[in-house]
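Order of writing sets the labels: A, B and C. Residues in every chain begin at 1.
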Amino acid sequence: MGDKKKWFSLDFGVSKGEAVSTNSSCGCGSTSGGCGSHNAPPKKEPVASSCGCGSTSDGCGSHTMPKNEYLITAEEFDAAVEGTMVGETRKDGFQQVFDVKMDRRTAFRKLTASLLIGAGAVQTSCSAIAGEETKEKAQIDWEEQFKGNYKLMTQEEKQATVDRLVRSYQLRKKENIKMSATDASKDVLFGYAFNISKCQGYMNCISACVEENNQDRNSQMQYIRIHEMKDGQGFKFNEADDNYYHEVPAAGHFYMGTQCFHCDDPPCVDVCPVEATWREEDGLVVIDYDWCIGCRYCMAACPYDGRRFNWSKPEVPEAEVNKNQHYLGNRMRKKGVMEKCTFCIQRSRSGNDPACVEACPTGARIFGNLLDPDSTIRWVLENKQVFRLKEDLGTEPKFWYFMD
Amino acid sequence: MKVARLTYVLVLLCCVFSCKHKEGEYHSLNEKIETESKKYHGTDISSETYIGDIQTIEIKEGTHTFLIPERKSQIKSYACIECHSKPLNAMQNGSEIQKAHWDIKLNHANENTMNCASCHDGNDMNNLNSLTGNAIDFNKSFQLCAQCHSSQFEDWKGGAHGKNIGGWSQPRAAMTCVNCHNPHEPQIASKWPVQFNTQKVKERE
Amino acid sequence: METFRAFISMVKDSIGYITHGSKVYHVWMFFLSLIILIGMYFYAIQLEEGLSATGMTDRVSWGLYISNFTFLVGVAAAAVMLVMPTYVLKDIDFKQAVLIGEGLAVAALIMCLAFVVADMGGPSVLWHMIPGIGVFNFPSSMLTWDIIVLNGYLFINITIPLYILFRHYQGKEAKAKVYVPGSILSVLWAVGIHLVTAFLYEGLQARPFWNNALLGPRFLASAFAAGPALIILVLAAIRKFSEFKIEDKTIKKIALIVTVAAQINLIMLVSELFKEFYAPTHHSESAYYLFFGLDGKTALLPWIWTAIPLNVLATILLTFHKLRNNLNILYICCFMLFIAIWIEKGFGLIVPGFIPGPYGKIAEYTPTWVEIWVTLGIWALGAFIFTMLAKTSIGIELGKLRYKKKRAVQTETT
């Protein structure tokens, strides 16, 4: 982390020496601590109220503090126990998606949870006997709670938060995930074309999308909708069925898929009060789930029904979790944040097709680089009769429809 | 007076800074694509790994060069001449008539337009047969289809018809006709959608 | 130092003053506290379960909370109707009413902010919005404008009455030089908060029901009807329950404001209805849904058909001087108008904006009990705050609360 900090950061789990001596130390964000700051030798003299300085930019595996260094007196033991207890309350307060011990929360605890966060976190870090893992979790939670907006992070900070999330998942679920933070490549602008004469309404795209992007199974959240429209009636979305269950293609009907169109002038991005959603250089409109405050203004602003909200805690059975993740893509979400199609950023940024394109058995979905004159998407745009939905709104979607 | 001037300046500043369009932005997406693709230098992203184990061959059709799956190794009983050791009429009229290919039902156009001989040459079973009697390699069976389905062929070459294999990036690989369509029965049967959303029904009740 | 001591004394005195009162007062405050507690309990449930505890869905993503927020911004803005003549035009009549009006504005604004917080998916990360620590998407997002104007308005409406009350508490006259510029600012600001809130909706090309140039002016007109209507009702209650004298003349003057605003509001309603139904496009579907139902979905009909007759009837009654000058009829009219506009500017504005959805799908919205109780809790919070503010300012204005220098001197010597 550089000298110029863009946001408030706080670190509390620093050197163990301080921790034993008191349970009322205050953490203050420092600018330059690497991993090494956690391995600092313990201070000998007890300090009444010490100030722990660390950094937020260190990776996760850095908490290698030997346990046997501590001599615990009865008094300190009591203080430590207290710390542990408060620490648990604090953990309860967190609304992190990976918090498995949800049911222990009590309603009123939650009301005051945010107030307890600070005190609890400090105490946890300072209690000597709290399990190393608990402490590490608390440290990660703290840093995650007070990290900045991904859009404004430096490369190191991005990597640090990705490392924390991976480590956090490991600690909580005992499973390893792979998370990337690949940035947009130069000379890439993603575009999508949808062939309405080819789509047969099998909905393989929807299933593949749900599995790929770890969408909430309880609410059956889906990014893609396939509208079954009557031939000869024009686009009557209101009369179209987007949740049919009969043999397809139905006679006299055609099918049209909608999802986030990754507008080039996206109204959802303009309205977000905290810049939690933005358009990347390669044209993808993405969301920093951890920065989103859940006001749903973007949802109201989207003319294409492209955005989804996590009304309750999203749940995916552990066995079905797609562990190949991207920070801006399919990583696990929490309740109360927006999410949406990212053209499978975790796939597309590394050259693969989005899951819907791969899953479509008809080849109705075409994806590619708009800046590459030899790409198939460019050929479609230049040689087929293409149109976009609600073009008059001036949102410039990068999602075209065409017919054979 | 001072207050008035100050408010005026403030309002003006507000107007200036709240202007939605930033510098360097294009008037339309098409303009952006056009301008920016002029300085396109290619990317170092490759989709080669996503093609996986599929054996491919490179084909060149017009201005398009891309990969399609190799076909011959996927046909179980290729080479055909291992059975079709004699020309077809010799086999059909000979003493040891053997029934074969009972699973093949021809349902491709009507009988006046097409029969087996429209595509197969009884004298050269290892290759396909163009309308004018030229041999077409099994690996390039699309050339056979393209004789009638010329508009689909155009779309396929460009990428608007057919399914992409691997990723969006270079090298481009696409399925060939027979990867999706059974040449003897090219229509695709209807089937059930793979899923149904029960929550949506509840929401709209 | 003396000023500071006086201020401390005022805070102490007013705390003492608001914790003592008649039986009715205690019952009232107890009742409000109870509702607030119930509201908090339900909010805790909402925090626990997420917003799925509300009736909102991906289809109708804003509901009762944002409806109330929108309406209350109007109420807050209406305080200006009293500020303007009193401070600037030196109209004596309004002077007693104005402190009440500003107290109402403060309470309404706090309720607005509470409703916004209640609507958030992640209240624990609300600090992302604080300029400096978080990222403030200004000026692109209208929501950031709204945050600025609402908090600014809250600040103005706290400081001006505080200054005046503090002067009066010390037995001095408030200096016009100090508060008049603030008042002028607050007048402009009040128009600003309501326009900005209207722009919040007006600027969404995705929602044709809101994306309509009349929305801002209609917001203002309805606010200047509903806000002073509420003030009249509150003044009537204060007259009844305290010794604070409010002359009939004052109430009648405010009634005139209500009348004119209600008339303008009605004209705009007619204009809107004409546009939607004379030449209906598919952009009129929301209006069809609101007034007649769409595809057999009719959840809003009882609401809007309560609001429209109430609105029309109240406006007609108020138009006649004779009826308006009869205080009992006036109170009834004000109540009707208040309810009508609460429906119209709340439910009747927010929900149909989402129906039908971008692709014509209709999913109706019905608030759940969690939502209703949280809403009631926030209203009770507003009433609680307002009662405290009003009681203090009445106490000071009546001279019951006065700074006693002697006591200060005494404590110093001992």
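The working rule: contacts are C-beta pairs under 8 Å (C-beta built on N, C-alpha and C of every residue); 3 or more make two chains touch, one makes a residue touch a chain.
It should be emphasised that the depicted structure is a prediction, and the values quoted were computed from it without experimental measurement.
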Going chain by chain, each one touching the next, work out the least steps from chain A to chain B.
-> 1
Looking at mean CA positions, which chain is nearest the middle of everything shown?
-> A
Using the touch rule from the top, work out which pair, A-C or B-C, shares more C-beta pairs.
-> A-C
For chain A paired with chain B, centre-to-centre distance based on mean C-alpha positions, whole Å = 34
Would you kindly tell me how far, in whole Å, the mean C-alpha position of chain C lies from that of chain A?
-> 37
Cα centre of chain B to Cα centre of chain C, whole Å, reads 61
Using the touch rule from the top of the page, what residues of chain B touch 2 or more other chains?
-> 20
So which stretches of chain A touch two or more other chains?
-> 219, 242, 270
Going through chain C residue by residue, note those that touch at least 2 other chains and give them in order.
-> 57-58, 140, 361
Interfacial residue positions of chain B with respect to chain C in the complex | 14, 17-18, 20, 203-204
Sites on chain A touched by chain C in the complex | 7-8, 93-95, 105, 107-108, 110-111, 113-114, 117, 145, 148-149, 151-152, 219, 225, 227, 236-240, 242, 258, 267, 270-276, 290-297, 299-305, 308-313, 334-338, 393-395
Could you please specify the touching residues of chain C with respect to chain B in the complex?
-> 57-59, 139-140, 361-363
Contacting residues of chain A [partner chain B, same complex] = 185-190, 193, 195, 198, 200-204, 206-207, 219-220, 222, 242-249, 264, 270, 347-353, 357, 360-363, 366-373, 375-380, 383-384, 396, 398, 402, 404
Which positions of chain C touch chain A when the two form their complex?
-> 40-41, 43-45, 47-52, 56-58, 61-62, 116, 119-126, 128-129, 133-137, 140-144, 147, 203-207, 285, 353-354, 356-361
